[in-house]
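The chains carry the letters A, B, C, D, E and F, assigned in the order they are written, with residues numbered from 1 in each.
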Amino acid sequence: MIAPPPMSRQRTVAKARVLVEALPFMREHRGKTIVVKYGGAPMEVAPLARSLADDIALLQSAGINVVIVHGGGPQLTGVATKLGLETRFVDGLRVTDTETLDVATMVLAGKLNTDVVATLAAGGVPAVGISGVDGGLVIARRSDRDLGFVGEVERVNPVVVLALLEHGFVPVVASIAVDGSGQTYNVNADVVAAELAIGLGAEKLVFLSDVPGVMGPAGDLLSELSVSGANELLAIGGVIDGGMIPKLESAVLAIGAGVDRAHFVDGRLEHALVLELFTQEGIGTMVTNDAPPENPDIKEEAS
Amino acid sequence: MIAPPPMSRQRTVAKARVLVEALPFMREHRGKTIVVKYGGAPMEVAPLARSLADDIALLQSAGINVVIVHGGGPQLTGVATKLGLETRFVDGLRVTDTETLDVATMVLAGKLNTDVVATLAAGGVPAVGISGVDGGLVIARRSDRDLGFVGEVERVNPVVVLALLEHGFVPVVASIAVDGSGQTYNVNADVVAAELAIGLGAEKLVFLSDVPGVMGPAGDLLSELSVSGANELLAIGGVIDGGMIPKLESAVLAIGAGVDRAHFVDGRLEHALVLELFTQEGIGTMVTNDAPPENPDIKEEAS
Amino acid sequence: MIAPPPMSRQRTVAKARVLVEALPFMREHRGKTIVVKYGGAPMEVAPLARSLADDIALLQSAGINVVIVHGGGPQLTGVATKLGLETRFVDGLRVTDTETLDVATMVLAGKLNTDVVATLAAGGVPAVGISGVDGGLVIARRSDRDLGFVGEVERVNPVVVLALLEHGFVPVVASIAVDGSGQTYNVNADVVAAELAIGLGAEKLVFLSDVPGVMGPAGDLLSELSVSGANELLAIGGVIDGGMIPKLESAVLAIGAGVDRAHFVDGRLEHALVLELFTQEGIGTMVTNDAPPENPDIKEEAS
Amino acid sequence: MIAPPPMSRQRTVAKARVLVEALPFMREHRGKTIVVKYGGAPMEVAPLARSLADDIALLQSAGINVVIVHGGGPQLTGVATKLGLETRFVDGLRVTDTETLDVATMVLAGKLNTDVVATLAAGGVPAVGISGVDGGLVIARRSDRDLGFVGEVERVNPVVVLALLEHGFVPVVASIAVDGSGQTYNVNADVVAAELAIGLGAEKLVFLSDVPGVMGPAGDLLSELSVSGANELLAIGGVIDGGMIPKLESAVLAIGAGVDRAHFVDGRLEHALVLELFTQEGIGTMVTNDAPPENPDIKEEAS
Amino acid sequence: MIAPPPMSRQRTVAKARVLVEALPFMREHRGKTIVVKYGGAPMEVAPLARSLADDIALLQSAGINVVIVHGGGPQLTGVATKLGLETRFVDGLRVTDTETLDVATMVLAGKLNTDVVATLAAGGVPAVGISGVDGGLVIARRSDRDLGFVGEVERVNPVVVLALLEHGFVPVVASIAVDGSGQTYNVNADVVAAELAIGLGAEKLVFLSDVPGVMGPAGDLLSELSVSGANELLAIGGVIDGGMIPKLESAVLAIGAGVDRAHFVDGRLEHALVLELFTQEGIGTMVTNDAPPENPDIKEEAS
Amino acid sequence: MIAPPPMSRQRTVAKARVLVEALPFMREHRGKTIVVKYGGAPMEVAPLARSLADDIALLQSAGINVVIVHGGGPQLTGVATKLGLETRFVDGLRVTDTETLDVATMVLAGKLNTDVVATLAAGGVPAVGISGVDGGLVIARRSDRDLGFVGEVERVNPVVVLALLEHGFVPVVASIAVDGSGQTYNVNADVVAAELAIGLGAEKLVFLSDVPGVMGPAGDLLSELSVSGANELLAIGGVIDGGMIPKLESAVLAIGAGVDRAHFVDGRLEHALVLELFTQEGIGTMVTNDAPPENPDIKEEAS
């Protein structure tokens, strides 16, 4: 066999340099935990789902613990409609009677959770799907507002997630919660992701959705945002999009309780997670604490 | 405070004797694994579900590993009908097109699995619901018969179940399986239970349903049955009830592969599992190997 | 074989209920340590000794660490008399010259200790007999009173007891102690039991003897008694029986140093230990701290 | 302060050489187990007992596991006589009725066992006294000969001894055994020592008594003896002393079952154990296997 | 801050793809051991040494155990000459008198070993330099040929290397060996690398030098070579270059003893190790076993 | 074989007593760490080196962790001279240009380090030679004085030493250090020994050289010296010998940072280390803290 010509060697060396450049990021994140809130288009479009599976495989191989939390509002509305149930929202929250709760459980903990796990498995990622009911992971109480079985997260008990991580599995969590009597609730997936990130002492909370990031008052993408800046934006009516409000509030909650960074990343971009974690290029919006970080992220140093 | 009168002491001593009599059974089963196939009425009637939760709590406290497998055919038919899907069976097997597979996933892995977990949690049992898709637990291939997404179990990979047992959880398994490409299948829950019992090296496989046990040709309840006896009954047309056929075949399969005993127990009887495991009284039907057992069960010795 | 008639099933279900009712108690005590001071009739009457072996087997099976301490005054007097030694008491304490100390060592650490271990072994309990001399378990100094080799307990060093418990043995401790020079002493077994309970961080100290419990001034059995109530009773001359005085004082000592409860139980009642630990019915006298308990025992909640 | 004169330095260097010479022996025995059968004068004379304590402390410090087995025939006869019991021997075996068994238990497991433990403790050795009854250590059956409760060792179950060694204790074993029903027996201590050495995979079995060793037909001390030589001596009537017969038979038994060496050492010689294990000088009689040893002892190489 | 323009995103995605493509190789090699023989230009040219440090950092981060073996003939000759020692070779082997052995020890175990360790440390790799004398790593005997203190490797004892790997260090081994008497020897570094690879059960043995690989009879670079092919080349006089002969012989030795692959890689190429291990592109020459591999390397599958 | 005559037994018993007398010292030092600074004649004279190997073997066998630090000024000067380099000292510190640093690395980390390791290996001690560069063990910065590559120790990072001790090796450390950029330095071996003793929490720091100890103003050997006494002696010009100054300063440094004792021992005395550690006789000079020791050394108690 004859060796390849020198031309290809130059391309090959360029590849090796990319790998070597990723090294500080691999070291930075090794052994840490990242919670990914997964929703919208990246969840529904097959090639994106497969790209996510590749990314999570690489993160696992670099020793990062990955936990996925997903919701699934549109799919839930679809099935409810087919079953003849009326969908009603109050202040953006789904009014959830017994029948709707059953449908939510079926769609979130049944259909979507299984789909995510099967997609990850096809990409070589050993995933295990659970919901907040399993192992008492997410304990909720009935919301004060008259919305039926909508729950507010009281606390997370991450034993089952830690057990799965310890055995090399990627836990995939559907946003159904439970109370002490065994009653289940529909809870907001963004809040579940934030509370899990806090409970697991996660390094990062990543919202992977179908927008480029957080947009400023002028409609421009903000690449970085402090907690106080986020609170100001939330205070101004009409700047932050409706679906973004609970996400940005959850990011603020998580960082206030010790999570290092929250990221809003465009999941429609291929390999969005790997780009975010293993390259110098910033994508989307990063939310940080106001105080100057003592151990600044390698990313900022470099840029 | 005044001490209770001697009369009550006699009743009290009787209670203590019951506890002491249970001791050899506790010792016998400590550290072993029992797979319970759970279905029918015991699953749908609240007091029975609660009695099962109590029983499993006691088994756990005595150091027994419990794994639950459930199906849910009738509930699946109910939701499919509401969604306007036609239900069709060929040789007792549900023809499963894409829509039906989605409904099966929603009902089994979503609704019923969550209900079982929540009921156990309310009874103090830390349960975690998964399906055969999670962690690649049940690998299936498409059935040769033209039934759509009906799968035949190829092998079980019990790592995720062992991880959960190691952390003190009771795994609750919905009968959905997966293949290497990520395609999911509807599989028979009795077979899943038998294969899991084999893969886990279980001591017992218990079918908890709404019949008293296996009935003989004369319509009498058989309290004990050998594998060869079971095969003879299965060979005679019309003796074994339709729903019982895959159960009895699965029992034969499990015992042939090293599971010590299979039991058919009437789940409508309160505390059926505790009675079966911790008392001398036999209930339902026990299926054993033909060869004389080398380590005869304490139960037989005593009766 | 024909299944048993429904009549027996009702009795069977009643049995199962007794087992299920014991569950909260099993959970309550799992992993905790109980020190049993064993003496008098229960120690000398064979059926009672066998009932105790059954009870301890059940406690072990439920994950409770059991430690037994025994004395043996009457047997010691018997052998001393046969050997022509005069038995003399001052304030209820045996005057112990060199010969009497030898007899005490022979009877307590030799004969009685071996008898208890052999009885437990016959009941399936792996017991190991030691005395306070072994591993420096009970360190004593010579009593100030002129009584010869009567020792006062200075401290316990429970390493050897913990080693035996760790390997699943029930330690059986004879009340002989030692000082730094290797001199042995006869010490009060009630005090040894209390000090061991303190040193082991035991949950309970149980005095198993041949009286129903602590009797009040009116000769009535007291089912519950606070530490201050116990001190009052001890202060009144003539109410507490002579043999009961060191026991009640030891109970007060143990509870003051952090042992949760002390119990005076009638060892002549069959399965007295199991009744005390695993049923709601109170027997004998329970001594508690004066302060309202923060984690009230399940027993009180229920009654 | 002024430094010592050079004269003392020479003596000091000589001391250091002794320590350095002991090094290969320390390495040779580290981590191994030695069973010492202890009896006769060394057990009754206080300075010898103290010298033994020093030796065992040194062995422990060098990482050797030491197990002591003791009998106590003369002391037993003494107490039995005081209690008016007649002592009767058949073929050198004590006829043991119920009363004699009680006295044996008291003297061996009570008095002598406690004395050995207290003496070792005073020398800084953490010892724990047990008998063959504890933890089912020595299982015996009634001897076929009509001798009452004289037992023949069926097997040893060394779990309790291993547990004590693991925690740094020196187990001191009295020669009382038990059967499955809880009946105790008087058993020969030499046989118990040999069986324990076998069961523990011991490197050496040392008989420490009050004779210089095994004497040959000419009355001369034999410094070395093969198993076949020992059998020949035993076959010749009248050469081996009565008390030595069961010892030499036990040595042959132990070596046949894999114990490397048996030694007969004069316990009246100060520091006999340390001399035997840590110096080149041979004392007493060493019994070895007939086959040329593959890993010859350092001792032989050097001499 | 404003987000980067979409143009840069495309380049960014390309980077992410390189990372994702490396994933199967990372998985393939995780937990395995690679021995790198390091010499010639890559060792003397600073940028190449730094590129090697980067590569080894990446290998470590991907969970690969790396062991470096180095020689240093030219540097040794240089220092010997400065010290006025004559350098003489017989059949390509350096005649090594006492003075030359001292110089070899100083240059290899002193200067070069320290330089490699310091360079790796500057690149963030925690390296520890040892020689074959340390921990008895390489045991040699005097060569039969009359060459002075030239040794032939008898066996390797890799305990010290395993200890360093276990603690996350990269062992850097100088090719000096020792015999049982403490005499040191100059040994061939290629042979040391091969023997270490065998002793460690390494997956790969990589020769990193300043030639492109193994050249065929026509002067063309051979990209793949079987063991039998290598032996044929060695048998033909004049084809294999002098310095390559011991390397190729060592490669044949290693593969014959179970090492999966040997590679001859051009260390003048930047990131040569990363290219070799983490990309599909083959560089240099790979030597494989003759038998068709049962678990073919991912690399071959892909190419 | 005939047993030895009684005469030899008396000498034998005397030997045993020496061993038993060493017991408290063995217990005292077990599990502790001792740093030995090794230099001068003991390092160059073969019998002394062998005696040291014997001593260290005994210390290891008694469970003591031994770490050796060595310099080698005279040997370094010798090689430098042969290579035509001029040796220049400023205030007793060697001016170290690039060539001199290379020679220092070759002589210390190459020749002498290997010699010490090989000598220990021949005495049965598993030693591993490293320098302060390995594993970043000694981090230095360039001295403020204009001396070239002479370093001042900034901190020690003893991970590699602990890893070697954990696996039973004796680390032998050459006094070369490194900074963050990979630049190496020549550092004072006495200071390295003191800093390592501090970093390892060592019990003792022993300077083994070719003087009897620290001499007082009258030229008499001081057998004991407090830290304040040492400081006074250092303050008086001309009392402390030039080579002793950095040693005594390092001893003061180590004791001030928590090392219990420093010893100046005459390495020309055979078995100097064993005498110092395992006998009551004091040799050389012991430096202690001023405060009365709370846990006085056994040695002082005895003398």
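Throughout what follows, a contact is a pair of C-beta atoms (placed from the backbone, for glycine too) under 8 Å apart; a residue touches a chain by one contact, two chains touch by 3 or more.
What you see is a predicted model, and the numbers here were worked out from it, not measured in a lab.
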Inset, instruction - Determine the shortest chain-contact distance, in steps, between chain A and chain E. - result: 1
Legend entry - Numbering shared by both copies at the chain F-chain E contact, with half separating same from different: same
Legend entry - Averaged-CA centre spacing for the pair chain D and chain A, given as whole angstrom: 70
Legend entry - Between chain F and chain D, distance of the C-alpha-averaged centres to the nearest whole Å: 44
Legend entry - Centre distance in Å when chain B and chain D are each reduced to the mean of their C-alpha atoms: 58
Legend entry - chain C residues counted as touching two or more neighbouring chains: none
Legend entry - Overall pattern in which the protein chains touch one another (line/ring/star/complete/other): ring
Legend entry - Going from chain C towards chain D, every chain in order around the ring: C, D, F, E, A, B
Legend entry - For the chain A and chain E complex, residues of the former touching the latter: 1-4, 8-9, 12-13, 15-20, 22-23, 26-27, 30, 54-55, 57-58, 61-63, 212-213, 220-224, 269-271, 274-275, 278-279, 281-284
Inset, instruction - Write out the stretch or stretches of chain E touching chain F in their complex. - result: 79, 82-84, 102, 105-111, 113-114, 117-119, 121-122, 126-131, 133-136, 159-160, 163-164, 166-167, 169, 176, 178, 180-184
